[in-house]
Structures are given as structure tokens and as C-alpha cells.
Amino acid sequence: MANELLKGKKGIIFGALNEMSIAWNVAEKAYAQGAEFVLSNTEVSIRMGTINELAAKTGSQVIAADATSVDDLKNLFTKAMELYGGKIDFVLHSIGMSPNVRKGIPYTDINYPNFIKTLDISALSLHKILQTAYHMDAIKEWGSVVALSYVAAQRTLTGYNDMGDAKALLESIARSFGYVYGRDRKVRINTISQSPTPTTAGSGVKGIDSLLDFSERMSPLGNANAEEAADYCVLLFSDLTRKVTMQNLYHDGGFSSMGMSQRAIEQYNKSFEDCPGD
Amino acid sequence: MANELLKGKKGIIFGALNEMSIAWNVAEKAYAQGAEFVLSNTEVSIRMGTINELAAKTGSQVIAADATSVDDLKNLFTKAMELYGGKIDFVLHSIGMSPNVRKGIPYTDINYPNFIKTLDISALSLHKILQTAYHMDAIKEWGSVVALSYVAAQRTLTGYNDMGDAKALLESIARSFGYVYGRDRKVRINTISQSPTPTTAGSGVKGIDSLLDFSERMSPLGNANAEEAADYCVLLFSDLTRKVTMQNLYHDGGFSSMGMSQRAIEQYNKSFEDCPGD
Amino acid sequence: MANELLKGKKGIIFGALNEMSIAWNVAEKAYAQGAEFVLSNTEVSIRMGTINELAAKTGSQVIAADATSVDDLKNLFTKAMELYGGKIDFVLHSIGMSPNVRKGIPYTDINYPNFIKTLDISALSLHKILQTAYHMDAIKEWGSVVALSYVAAQRTLTGYNDMGDAKALLESIARSFGYVYGRDRKVRINTISQSPTPTTAGSGVKGIDSLLDFSERMSPLGNANAEEAADYCVLLFSDLTRKVTMQNLYHDGGFSSMGMSQRAIEQYNKSFEDCPGD
Amino acid sequence: MANELLKGKKGIIFGALNEMSIAWNVAEKAYAQGAEFVLSNTEVSIRMGTINELAAKTGSQVIAADATSVDDLKNLFTKAMELYGGKIDFVLHSIGMSPNVRKGIPYTDINYPNFIKTLDISALSLHKILQTAYHMDAIKEWGSVVALSYVAAQRTLTGYNDMGDAKALLESIARSFGYVYGRDRKVRINTISQSPTPTTAGSGVKGIDSLLDFSERMSPLGNANAEEAADYCVLLFSDLTRKVTMQNLYHDGGFSSMGMSQRAIEQYNKSFEDCPGD
């Protein structure tokens, strides 16, 4: 495709670990559409993952930052603005982690410092990014911020634990800050509620395979993958969505609007079938 | 229970066919709580069902009315107001029918006169009841109207066909008329979105058994039954819910807020198990 | 912009009356992005408006069709498929009209044949378009259908009358048909819930000026205009939104997620100010 | 009224400060309906308010607890279970506070330890109450927990600051814990989204008067007051709502379903009127 939807646009992309990451896919797609960007992740994730390959591929700089640290964020925005000689156009927030999920602690045994850590990493980090950018006036008028979310913000999924609460908080912060940043600087903020996606982060959730299968059969178009999610992010960064803000946008093959599909109920019905000889 | 939540209240209950009907259960519960009411249904339903037993049990009068006929409704409200020497306090709308569902016509082969019939019977009938009552000033200040709905208004269920659209329209009419009737006469209008319920009407929907099972396992408290739905209706007719209006209230054991439950996914997983010897 | 987001795509655009129309703007934007399309409207609208100018500008053919007539729709799809030598890629539904609104009949005095006409023109027409296309297999895999809606589908607005109900039904039909068309042919169907827009159709709603002002002040980014709506439609027709379906997408400067803005409440507060000398 | 909807039921009511408090009203209504309960609040609130009067009126014991302290909560549940010789039936959570709001710190200047305090007090406290009760098995089967919320969880209101985010998190926790507590012990958990209410807590929000006026004019039935909220809480504690769980229930005179009312737009229009002589 010869499109250059993001021609001349500069951004910061948080959360690319490896090529399974949605953020990785966003970087590739944004690059293909003419954008330049800084890649950011924590020191640990940079070491564990392969982000430097992505940086090489897309001619990007990697700047480490813990998105829960306002100092790190200030440093990141300062460097990005130096690099681009001014304000940036877009930010991707693809950050989430629950120590409770990681350690297999059930929702009824939650450790509260862990819970706060989940919220801080997965949701407050968005506020910190936005507040830092707001004070540095780091995002251009009609700039765009996207954070990745999941339907667990609205509907409880067994095993998803305190990440459901974190996503609800994330979406609320997007709305709350979306109001003030929109009103004051014309910056828009949205969340994309993505199908369950087999990334390194997603694979920590127990029973993810059955959920992926169920979700695939429930969704008339099937689950959306990381590459497709990246396309949608690119559109939200482009100038063609300037008046979309404070929204949670489902990108899920239709899952969120389904009560029951033919394919899912047929599979479900097989669970009641007797084996021959029973 | 010695409660008399509806003591002295008069109402009209539409839609009791037989003892499986939610409307039948509402009538019994409302009677137990001190209400008097007129029972109404179409001529055909009166003949096919056992509404006269219910009338005898609850000391009620049966007045036939086709809820799509404004003339029938005028006659019904006139007679009810004569009977009670004045305005009434509550109305239950438990009316729904789709000729397309009945005849097994799929959603992609819909016959449009049928579609309009579905909408007229299942949704416009609520507007006709309300407009008739509004013009006759037949409902007291702080009166209450409840219509029964289903989650298909928000989420598509295979086989539910044009009834999903009818429920969406029904809920919208409840909101739209709820605004004007509330503003002008302090009458409140709500819908209850009830679990799938094994009534005579519900049993027409294809694959209702699997759906009931899935819904039962998804809902942390299990499906709500007709008797429990009737309790909820009674509360909405009582003076304890005077400021609740224009709402769609889920009465479904938690189903509507679930993405995936442990019990449902465990059952679903069984569908992939091999039989011994496979 | 050198983008060609719709390069090679063929479509049908319903509802362009004159240059104020959203559909008109969609046609211009789609044309600029490389699409070819047939323009369709009723005979009366074609005569009253200036659609032929648009056709000339965009090299399009105008084919009259009453979207409530299945025969007209069959003829339209047949001709479009002949013209393009095969299936089409996208459809825009920008059709809505309420005889009750036009004649100033309040919601409590509704004439039921009018109400059904409102629903038939504004909502069932989408089902008719889709059912016709489905039977003729007229839309390609991964094709896209968009219908224009309004927040009145969720929240009652004084004066909007039975159009709120029609929009609720429209959005439900988009979901219901979105499920089957997605499952069977990978066609996606969405609605865009657009800011109040000063079009010829919109100007029929009483008190539209105050509403536009209030909505403008409530929305952090201001109301979205017809041109911006057209951009969003183009994106939904493009290959970059393939997994978005059965959604209602707010395109409204943030209005739908606002409870109260600073600008709106400041204006509201002025209403209580005394005049000097009072 | 001779009703005894809560006859024999035991509960814990958090958050009564003085007679303006919703929790105070709930206590009075619950008492009138036959319930016994422990009143709880922080030491400071007990000293600042008049909770002992309420205790005297309702024959209740006051047990101080900081709902962010798991130790305090364990002590409270232990004492309550001793007092009643067993499990309790209901809990009211009417707890919320934002240091950012109190200190007039705008949402774009948020102090993060404050933000976490807002979330801990206003939302995590519900999780702590539930987790404590769950581990002590302190709530009977079919017991009921209600937390008070506000529409700011869904729609941003200027000045409401991080309390909107806290309410979104609170509602999510109610859903998440509602699933596990319902599944394991048949306990239901809901939130009531109440009209803006002139309580001591509510009065901290800047511009609350205009908001109350606007909300009153937008709501067809007017704002719901604290006494009416208390009625609704009582119903949710009663046996008549056993299958309602994981819901956010608007108790707001219809506000949440309104886009624009006649009364509000008429008032708004006055803001544009010229003074005589202008």
C-alpha cells in the first residue's frame, strides 16, 4: 500500500517486548505509514525482549523508562522532544502487569500492595504519561493517545483477577484526562478493547487457550490479531479520527456484541455428548 | 411474609397465559402484597391458557384486549378505571411474539410484514398502552410501568431473530415515554431484562435448552426464575422505587456482567475431550 | 493527501441530498481515496436536491431507489453489480425520516402508521438493504456497511420524538445482521453515532440550535462536522478496520462520555444572572 | 408502613456521619424494616459527626474501623459476628474521599500518593471488606452488599477529579468480587449510582449547586434524595432481589438516560437572553 497515513508524525510507543507484542506491530505499521517514533519500555523488558531489533528495523531510538516513574517519563519526553525538535503527535500505551496474576494469587486472597502495583503499572501509568506530557506541553494540537484495554473492564472473566479492575480504571482515566486534554489542547485519548491476543503478556492468564477458542467461535469475524490491532491504532493516530475521543473502541471481531453464536453453542453442546458405549 | 408492599394499589397485568408465565407469577405476588388488578390478554390467549383460574385465585377480573389495538386499550382502561373508581397505580407489560420466530424463518429471510408485526406486538404495544393511559390520565402520580425484556436487546443471540430488535425498540420506547410521562405526571417506566425463562413463549426459541444451561453456568447466582422476576416487578411497583425510571434493570443472576465463568468454561472444555479409545 | 485508502473499491452511497448531507461528504472523501460508487436516493430527493452535481464531480451514476422497497433495492444492486462487473465493497446508509417529527406531532400523540413509517424508512431500510445484498451475494468478503446514528438511541432528547426509537432499532439491526453477515460472509456492519450536524434532515428537529450550542460546549473537541464524519466512514470502509463489527462508534468530540463540562456549566450559570437593575 | 422487609436481618452500615448522610438514612430505613446492624466509621468521623445519636435511635452499636485497614475490618466483623451469634446478612459501603478534591488540586496536577489514597479509601476498601468477610465466612448465603456510586464512573464531570476514576474502580470491584462471592457463597454485590446528593461529603465538590440544578432539571422525576436512596438500598438487602448481582443500578430520577430535557434546555436558553437595554 502506498498510503502514508502518519507521514511526518512523531510518537512514543510504550510496551514492545518482542514480535508478538501488539506494540511491536503498531511500531511496524506506523513506520510503514511514514511515522517516526521512540520505543520505550522498562530496563528489564528491554533486556528480556528483542526491542533493539525493532529499533533497527524502524530506525528508532530506544529510551528506557519505567512508566510508573514520573522522573523517567520526564526524561523520556525531554529526549523525544529534543530528538524531534518539538512536540510529538501520538502515544501508544500498551502496558499492563498484575503481580497477583503472575503469582497465581486468587482474587479472594489478593495482596493489597500487589493490587496497588497492578493499578499503578496498568492504569496510573497512563495518567502519569498524560500529566507529564500536559505539563511539558509535549503533544501537538490534534495529537492522539491510545491505550490498549480488554472487555474484562466491563465483564468479569474467571482468572483475569485484578487486571479487570485495572482495565476499568485505565478506561476511566482515558475518559477523565480525555476531557481536560481535549478541552485545553485538542488532544484526544481513547482505549482500544482488543480480542484476547496470544502475546507474552497475555499468555500469563490461566486458561487462555479455552478462552481464545470460545472467543474465536463467539466472534462472527473471529478474534482480531495483533497485526489488525496495529492497523486500528494507526487509524486512531491519523488525522482522519480527529473528533473521536474519550471512547473505548472494541476491536474484537464482534465478540462484545454477542450473546451466543451458533458456532460456540454447537461446540458447547458437544460437551454433553456421550461417548459410544457409555 | 406479612408485607403489604402494594396495599391499596390497583393495576393492569398484561400477558398471563398459564402458570409458567412471568405475568402469572407477578399477579400472584402482587396479590399477596395487597394489590388489586385487572388481568388482560388477547381473546386467543385467554382461550388457550388458564387465566381464569388465576382470576379466581386473585379475585381479579379478566378483560380481553389486543394490546396492538388502541380501541381495545381504551376500553380496557375505561373499564379498569370504572372498576376502581379512578386512576390505577401500575401496569405490567409482558407481551412479545415474533411470527418469524414461530415459523422458523431465519433473520436473513425475514418477511417484512412479519417483522412489523413482531415490532407492533412486542414493542409498539407498550407505546400504545402508555399513550392511551396518558390521554385518559389513567395512571396516578408516582405510578409505575414495567415491561419485560431480555439481554438480546444489547447482544445478539443465534436464533433469537427479530425478537432482539423488538426488545431494543421496547427498551427505547420505555426510555422515550419515560421521559415525557415522568416530566408531566411523575409516572416511571422501566424494563426488566430477565434471565432466559422456560415459559410457553420462551420455549418457541430454538436451542433454548443449551442456552439455559450455558446461562445457568455463566451466572454466578444461576438463572433467575419467573417467581423471582415477579418479586422484582413488585418492588418496582412499590413506593420504594419512586425515583427509578428510564432504566433497563438486569435480573439475571449476574449473567449480563460476565465475560466467562469457571463453570461455563469447564463445561465448554469437556467438548474437546476425546472418548476413550479415540 | 496522496492516500488511496479505498483504491479499487466499489460501493453504494445512500442519502446524499445536497452538499450539507453527510452522505455527500462521504462521497467526496471516498472519491478522493480512490473509490467508485453508485449514488442512490428516492426520486423525490433526487429532484429536490443537487445529487447530479455530486455525480458529475465524482464520475458516479445515480440510481433512484426507495430503500423501503425491496424491488427497488434488487434493481439497484443488480445495476451496481452490472456496472462493476461483480460484487461491491461498501455501503453507506444515511437514511432517516419521521413523519411525526415533520408534522410536529408530539411523542404522546403519535400516529401509529406514522411511527411504523419512521421505523421502516429509518431502520428497516437497513435490514432490507442487507437482506437484498445477502441473497444476491452482492458484497465481497471483508466488505463493510456503515449506517449513521445518533446518541438519541441511548439517551432521550426532547423533541427528537420517535427518531430516538428508530435509531435504537437501527443500531440493533446493525448488530443482529452484523452477526449473521459476519459469520457467513465476513461482511462487517457498524453504526456511527454522529454529533448533531446541521444538515437539511437535522434542521427539522425543533430547538436544534440550542442543542448544537450545548453539545458544542459539552464536547471537549467540539461537535464533529459532516466532513469529519465522512473521514470516519472512509476508515470504516477501508481494509484497516476489518475486525470491527456490530459496534456503535461515537464520533462526537467526546460528548457521549461527558457528564458536565466547564464550558457548558459556565454558560448554564449565566441563565441565573440578574440583569443590572433587577 | 407495617412492612418488615428486613425482619431478623443483621448488617453492617459503613459511612454514616450525620443526618445528611445516605448511610444515616439507610440505617433509619433498615431499622424501620426490622433490621439490626452495627454502625461503622473512622474514629475521626465518629468524633466529627453525630453517629452516636443514630446508634441510640436505632439501638445499634458503633464500632470504629478504618475501612482501608484489614485489621480494623477483621476486628469489626469478629465483633459483629459475636454480637449476632453468627453471620450477617447485609453490608452498606458508603465511603469515599479524595485528598486531591479536598485540597483543590486539579486533575492535571494530581499528586500520586493522593490518587492512590483516593482509590484505597473509595474503592479498594470495598475489596478489603469483601475479602475479610469472605475469609471469615461472615456473610450468609443470599446475603447482600451494596456500595454507593455516581454517574461520574461512566461520564466525566468537571471538578469531580479522581473521584470519577475511583467510582469506576469501585463498580469494577463490585463486579469482580460479585462473581466469585456469588459463585462460591450466593452473596450478591451491587452498586447504586445515586443522583448528586447534598451531603457533607458531596458538598466538597466545586460547583455542586449548579450541577444539582442542572441534574434536577434534566431528570424527569427530579434528583433522588438521600431518603429515597435509602429505600432502594433496603430493597437490595431484602429477599426480593436475590438474583440481582454485579449490577450498577441508577437511582437518579432518570438522569442517566437523558440526552436533553425541555426544562434544562429552556433554562440554558435563558443564558443567551439580553438584558433590557443591552
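Remarks
As written, the chain order gives the labels A, B, C and D, with residue 1 at the start of each chain.
In this text, a contact is a pair of C-beta atoms (placed from the backbone, for glycine too) under 8 Å apart; a residue touches a chain by one contact, two chains touch by 3 or more.
Everything numeric here is computed off the predicted structure, so don't read it as measured data.
Steps from chain B to chain D, minimised over paths through touching chains, total 1.
Using mean Cα coordinates as chain centres, the one most removed from chain A is B. Chain A and chain C have Cα centroids lying 30 Å from one another. Note: centroid distance chain B to chain C, computed from Cα atoms, is 32 Å. Distance from the chain A centre to the chain B centre is 40 Å, each centre being the mean of its Cα atoms. Within chain D, contacts with two or more other chains are made by residues 155-156, 158, 175, 178-181, 246, 257-258, 261-262. Contact residues on chain C toward chain B in their complex (touch as defined above): 70, 106-110, 112, 115-116, 119-120, 124, 127-128, 131, 134-135, 153, 155-156, 158, 161-162, 164-165, 168-169, 171-173, 175-181, 184, 246.
Residues 151-152, 154-160, 207, 210-211, 214, 257-262, 265, 267-271, 275-276 of chain B are the ones that touch chain A when the two sit in their complex. Put simply, chain D touches chain B in their complex at residues 2-5, 175, 178-183, 186, 188, 195, 220-224, 228, 231-232, 234-235, 238-247, 249-254, 256-258, 261-263.
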